[in-house]
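Down below is the structure, laid out as structure tokens.
Order of writing sets the labels: A, B and C. Residues in every chain begin at 1.
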Amino acid sequence: MTKKAGISLDGVTKSFGAVEVLRDVSLDIADGEFLTLLGPSGCGKSTLLRIIAGLERNDSGAISIGGRRVDGLRARDRDIAMVFQSYALYPHMTVAGNIGLPLAMRRMNAWQRLPFIGRFLPGTRAARAGIAREVADVAQSLDIGQLLDRKPGQLSGGQKQRVALGRAMVRHPAAFLLDEPLSNLDAKLRVQMRAELTELQRRLGVTMIYVTHDQAEAMTMSDRVAVMLAGKLQQVAPPRKLYDDPETLAVAEFVGSPKINVIPVDGGFQAVRPEAMELVAADAAGAMAGRIRLVEHMGSESLVHVEVPGVALPLIARLDALSDRDPQRGEAVGLRPLPGRTLRFDAKGVRVRG
Amino acid sequence: MNRRPLLGQLLRHVVLWLGLVIVLAPFVWMVSTSLKPPNEIFSTQLSLLPHKWFAAENYHKAFTKVPLLRYLLNGVIVTAGIFALQLAVALPCAYALAKLRFRGRDVLFALVLIGLMIPAQAPAIPRYVMLYQLGLLDSYAALILPFAFSAFGIFLMRQFFKTVPDDLMNAARIDGLGEFEILCRIMLPLAMPAMLAFGVISIVTHWNDFFWPLIVIQTGDLATPPLGTLFFRNEEAGSDFGPLMAGTVVITAPLVLLFLAAQRRFIEGVTLSGMKG
Amino acid sequence: MVEGRIAWTLISPAVSLFVVLLAGPTVAVFALSLTDWQLGSATMNFVGIGNYVQLFGDRVFWKSFGNTFVYCFVVVPGSVFLGLGLAMLIEGVGTGRSFYRAAYFLPVTSTLIAMAVVWEFLLHPTVGLVNVVVEQFGMKGGDWLKNPDRALFTLAGIGIWQSVGLNMVLFMAGLKSIPGDLYEAAEIDGASSAWERFRCVTWPMLGPTTLFVTVVSGIRSFQVFDTVEVLTKGGPNKATEVLLYTMYTEAFNFFRTGYGAAITVVFLVVVLALTLLQVRVGEKRTHYG
């Protein structure tokens, strides 16, 4: 029963004073798509989200939600919901009050909303009962039904998160905007909420724009990821493609941990993912000779840092735990990219194919 | 870990109790005297409780000699009027200074800080002249209007509004609240503790203020509690101590009771105003 | 910009009242101090610094100025050190902390004028509690308020009684903000006695608080007026004449408005100087972001 609505951005720009935060951002998000805006802090992703929400004005460009131009509209008229990093729950209201407020603002007139007096006006009782029912349904579906009478101060981080989601869900908006919603949770809960959020989005089938700097979140949750660097969209693609087939060196370097190995060559760069880097004998054919500087044992894998003459940073090879090699610090070894797994970029960092 | 040697603890309590005897003596003696007949008051025998209870006579005399209740009522009217006006002026201003972006904001805030530094007695003469010219001397207006602007109130509320995260307001905007409703439904309920602190300061200051009522009020009927106390004292010519002490008990009781009922808020509030000087 | 318009609507009442009630009158005091105006008089002449010349040649003014400073120099150290002592005693007490705090704080909130009347009775030369107690110990009490050598110090004593509770809670707030592990560190480093811990940790950590409390007490006691008006009227023989009292009598009893304004200016200059000192101190403690 959710309205589905695509969102499209066309040439959106924004400056704060002399600082250009967004440069000509164009993006089409399909109905029911889960799109993640991924980038380091300060890249402009949060500003973009706030412009879509109507909390900031874009300097130029067009924004439409569900085919309707919304640039001139206030936040409340854009039919979107937003979940904030700090959750932004009203501390003086109960959970039920928090979740119910958006409905009260839409279904009851200013008189009916008045404290005390409003209670005695015609229609108030029915409206309140309807709201209470829907709030209870939403709370039930998020598994916070037993918390409705608590205040936010009495809730754990995960519970606050659910209340914030409930407040967004209750009025069935055309799109959800989420601004780093998991960054205040501890690591374990974050992994759990990641799965729950994805599940929720699939169930509701609602368009979701999700802002994060955490690539694990971006890669695991999204249909598509939009990588943003310094106010520019670099590439918009499904997670797998973004990792395997980056358009620019910057994207290749930003996505993936440990970072991709970059080797300067004539007229550009070659880049090889650590797992595509084979650890061989120092004198093997086609191998770069080097010396092991550090071995990080991670349990399921080991990361071998190899210093290679002529390359500034150590190159990293990922070694499966099942491998029978046991590399030692100081050992002389060779590094060789697996065939067909080298990405080539020109001097400007643009991908060279073929 | 706090180790508390028994002897040290005992010593602290003894010293503190000795201090208390001195600090609280005026209060105790005031109440005690208000219960005694004249011959016991003028005796050099010290005793806390009267041999012959004379409370009814003393308090009756206090209430009939001067309109004590009227003084208290005036105190309520004046402090309530001042605080209501101060809030009405300070809240919108503080909200704008804390949360809205506009030209001249920093200059205005600097003016508020300068306003904090000016002692209440400095603008007294021109204020008096203004009221004189408007024909408002010797009226409630003369007691209330000059204090409508409270730099301290604006400062305190502004500092509070600053601590409310912007995202809370953004969430409210998305939930469909207008700017005015954000102020009423979100900001004001949240600001309750700060408003109470401001209220304590404003009420204590103006209930106890003596300088200004002394200047602008001539009529006994308009006297605030401190000024009324002075009228009473002058009436008595300083000899009939029983009723006089009964009067001071009545005058000091409201604030003392309020203080005992809400100690924590009082101390917090007045500490804040101590910060201001 | 819409936001700007909303903002100015919200602040305009405050701004106009600021101009009419505070800024305007404060500037007007300076202007009036340069005239010979008397309230109700039809003529107002510009006399330049005439009022100030007269003021600085007036022995009563200097007496009043000096008395105010003597009063401050008794009340400030008295209430600051007693306040600090009380704060430390109470902080170290196991039980009854909030009781002591409330009891010592009581004089701060009670109506000073009423309490001044009570003090007048307590200090009564023959039947007052103070002299009755003093004479129990075989000493002569004498007259506390009518003896010119003593009256100012009596008022200062009442001033200390009234303000020590405020300084106490300010110090208690300061003590709370000293991290407990500093004391543990000091103990490990060999500061074993209570005095050494006070000297090495408490006193230096309280430094900003102490400065601040001192300045605030200075400003408050410089504004002494209530007890003077009720108990001594500046007497006997100008022994308790203080600055605000002189200003009050000149401006509102004799209606020498211009002259009163000049005294106000002197008063304001001293208070502002003290306040600027406070701001300097305060900036180290808080910043208004």
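Simple rule for what comes next: contacts are C-beta pairs under 8 Å (C-beta built on N, C-alpha and C of every residue); 3 or more make two chains touch, one makes a residue touch a chain.
Predicted model only: the values in this text are computed from it and were never measured.
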| item | value |
| --- | --- |
| Category of the chain touch graph - line, ring, star, complete, other | line |
| Closest chain to global C-alpha mean, per-chain Cα centroids | B |
| Distance from chain C to chain B - Cα centre to Cα centre, in angstrom | 16 |
| Intercentroid distance (Cα basis), chain B paired with chain A, Å | 54 |
| Separation of mean Cα positions, chain C and chain A [Å, integer] | 58 |
| Residues of chain A engaged with two or more neighbouring chains | none |
| Interface residues, chain B side, partner chain A - complex | 165, 167-168, 170-177, 186, 189-190 |
| In the complex, chain C residues that touch chain B | 1, 3-4, 6-8, 10-11, 13-15, 17-18, 21-26, 28-29, 32, 39, 86, 89-90, 92-94, 96, 98, 100-115, 117-122, 127, 129, 132-133, 135-136, 161, 164-166, 169-170, 173, 215-216, 219-220, 223, 225-226, 229-230, 244, 247-248, 251-252, 257, 260-261, 264, 267-268, 271-272, 275-276, 278-279, 282, 288-289 |
| Complex contacts: residues of chain B adjacent to chain C | 4, 8-9, 12-13, 15-16, 19-20, 22-27, 29-30, 33, 41-42, 44, 46, 88-90, 92-93, 95-97, 100-103, 105, 108-109, 111, 113, 115, 117-119, 121-130, 132, 145-149, 151, 154, 159, 162, 179, 204, 207-208, 210-211, 214-215, 225-227, 229-230, 233, 238, 241, 244-245, 247-248, 251-252, 255-256, 259-260, 263, 266-267, 270-271, 274-275, 277 |
| Touch list for chain A against partner chain B, complex | 50, 53-55, 74-76, 80-82, 84-86, 88-92, 101-102, 105-106, 167 |
